[in-house]
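Naming follows writing order (A, B and C), and every chain is counted from residue 1.
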Amino acid sequence: MNARLAFGAALAAFLPVPVACGRRAPESLRVAAAASLRELVAETGAAFAQRPGGLPVTASFDASSTLARQIEAGAAFDVLLSADRDTVARIRGHLVAGSEGTFLRNGLVVIGAPGLTDAPQTAADLTRLRGKLALAGPAVPAGKYARAWLQARGLLGELEGRIVSADNVRAAVALVESGVADAAVVYATDARICKRARLLFPIPADEDPGVEYVAAAVRGGNEVAAASYLRWLASAEFLEAAQRLGFLPPE
Amino acid sequence: MDAAEVLDITLRTLQVGVLAVAAILVPGIAVGWLLARRAFRGRALLQTVLCLPMVLPPVAVGLLLLHLLARGSVLGDAIERAFGGPILLTPWAAVVAAAVMSFPLVVLGAQQGFLAVPRRLEQVAATLGASAWRVFCTVSLPLAARSIAHGALFAFARALGEFGATTLVAGHVPGRTETLSLAIYARIEQFEDRDALLLSAVSFVLALAITGTAELCLQRRAR
Amino acid sequence: MNRFDLSAHYPGFTLAAAARWQEPCVALFGPSGSGKSTIVEAIAGLRPEVRGEVRIGGERLDHLPPRRRRLGWVPQDAALFPHRSVARNIAYAANRAADPGLMRRVTDALELGPLLERRPHQLSGGERQRVALARALVREPRTLLLDEPLAAIDRPLRTRLVPFLRRIQAEFAVPMVIVSHDPLEVIALARWVVVLADGRVVAQGEPRTVLQAPEAFGSLLGLAAENVFEVAAFEPPVHGIAHARTREGLQLALLVVPGQPAPRRVAVRAEDIVVATEVPRGVSAQNVLAGTVARAEATEGQVAVTVAVGTARFVIRVTEGAAGQLGLGPGKAVHLMFKAHAVLGVE
């Protein structure tokens, strides 16, 4: 009997109800952001809140495709920060016309496994790899852009047999760090923080297929505050924070 | 990541789990009883549909839920009118996702429990003057209770670990809809391995504590 | 006035049975699979597929659901609620409005006082039956329906339950329908027997008449016609073996359980008796009797032989082959042998 009471009491302690559905108690800007922007958006959120016309930022981080679906389903967002132009195009009908714009870029780099000898220095060198090349899956922006780059260099066909697709960039890094793959193509921001793999070479500017982040205001949201946030994305303060994390400014 | 944040995420995860199980307990018992004791047309179909959340990839279920709860859908609009805002991207959406994914587990536990109750006992109770409801409350339910409790326990564990469906309907809003599984995934993605491992350890300890306590309670009652 | 007229179809079995009786205690008698339990369950309302009329105590019951029929059904395995104590099992049907002393009287009559706080799994078979009886009695039923009440209990101990059943009949004046495949139970408890075979009623009447008549015998295939004798004198057991002298002058050796009261009647199953045409020597059986064959009737592969031992009549069963081999015909001198174990004391 006693054990049951204790269990019941413990259970009851957890019932204090979480925040009411839908209603945002303090007014905030609701941002749908690609997962790779997590650190950046979190760090800069406070700065935006303190500006005139600024609001605290509440962000949801997810895959770009998931965010697109949620917006299509009428989820309450004010701003979309997507890593994938294509999904943005798909949901254009839900976005404020003319608010779309590239606000950030993320370069692609090639990283290599820790003990890799005769490390590739250029794209062509990749064909000399004996082991596997890890890329994010073709549906993920990083994977899409990596394949586009290899395609543009005419190397995709040759490397096809050696490419291993990972769920996402993080998994691709893990493959390299664990030695399953010899090299991987990942975001510059990822390469900055991964611990054991080493940076082999960044993709040169003239070959960069353009991994672009697109910002847009969502229709039906707080469009005034959204516009204010989009303007801020172009500010020197924001771009400085972004570059510290390894991002590139839009050209 | 500081202790306050860990506590916040853990508490939220527990709340979602408890609310999800609380929501599905009574309907789960009812459906379990129906499947165990009544033959009706479409019963096989019902059984199959119930297994879907277990068979389909959670993301697929999440997608379905997203469409069901979307603005412009019957359910989504009704909820918005009743509560003043859409349910998507709120902790309640996480509860719904966890509830749907865990529902089959409660049903199965109840179904097995009721199937194991000898019909003879229910018949005797009836001859002793008990109404169908009294038979259920005084004979069927107490004897099926252990199996139901196990089902609820599994459902709770499942709810705690729910990820695929949650991420679609509740999104990942740190401080609001971030549960343990979402938090761990995000940390891994951002190469914050130490934090990911810490949160995983918390999950593990949580799982031990809950299943351990529950097993203890169930063991004692079994005598 | 009580009657039933029931029919039902099952794969491989058809039930079409009708009977009527007035006596307060009636037995439904027949081999396994003859439909006895089905009928009793149908009377209780638990068999929706069985159609027909059920009348108990003059009232028509077949249109009522089980909980409205007010019958005390005691299934073969007692079916006690395992999650409740004995006291709470008995009290299940107790009405708040009903006679509060009833539970007390029932508990006392069945001597369940010391068991009240126990759980069903801690009880013996006989104790469970008594609890189930008590539970049914608290309902104040119009009739008790007892499905093989003694079946779950060891043979020597069965007679212990019979007094309780008798006491219930006396103290609570509640009529009973007893299902049994054991002629002994039937003779001990019932005043009227309905004999069933293959889902049909083949005979109705007083126990002695029905059970020993060879006409009913053929349909009692698989059963024994009991040889029952009244005890005139009884000698207490020496080394576990007691002796009873019957009114006809038979001296029979039987086993008794310590504490068992002296039986008023003894019975031997026909199937437990061995017949010899020569004087048996050096056999372990404690009962060896000399007699003469009075009659031999063949039915369905077996032969019922009536043997006269003095003024007593024994009915035994042998195979046709054995009857032929031994030349068992009227007038043949034979010896009957059976163990003390086979002699059953009946109240």
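Of note:
The working rule: contacts are C-beta pairs under 8 Å (C-beta built on N, C-alpha and C of every residue); 3 or more make two chains touch, one makes a residue touch a chain.
In this text the structure is predicted, and so the values were computed from the model without any measurement.
Relative to chain A, the most remote chain by averaged C-alpha coordinates is C.
Chain B has the C-alpha centroid lying closest to the overall centroid of all protein C-alpha atoms shown.
Our note on geometry: chain A versus chain B, Cα centroid distance of 31 Å, whole angstroms. Once the centre of each chain is set as its mean CA position, chain A and chain C turn out to be 84 Å apart.
Put simply, the C-alpha centre of chain B and that of chain C have 54 angstrom between them. The multi-chain contact residues of chain A, meaning those touching 2 or more other chains, do not exist; every residue touches at most one other chain. The touching residues of chain A, counted against chain B in their complex, run 3-4, 7, 10-11, 14-24, 30, 32, 35-36, 38-39, 42, 58-62, 66, 69-70, 72-77, 168, 170, 173, 190, 193-195. Across the complex, chain B is touched by residues 41, 44-46, 65-67, 69-73, 75, 77, 79, 81-83, 92-93, 135-136, 139 of chain C. Listed in rising order, the residues of chain B touching chain A in the complex are 11-12, 14-16, 18-19, 63, 66-67, 69-72, 76, 79-80, 83-92, 167-168, 171-177, 186, 188-191, 213-214, 216-217, 220-221.
Listing the residues of chain B that touch chain C in their complex gives 118, 120-121, 123-131, 138-139, 142-143.
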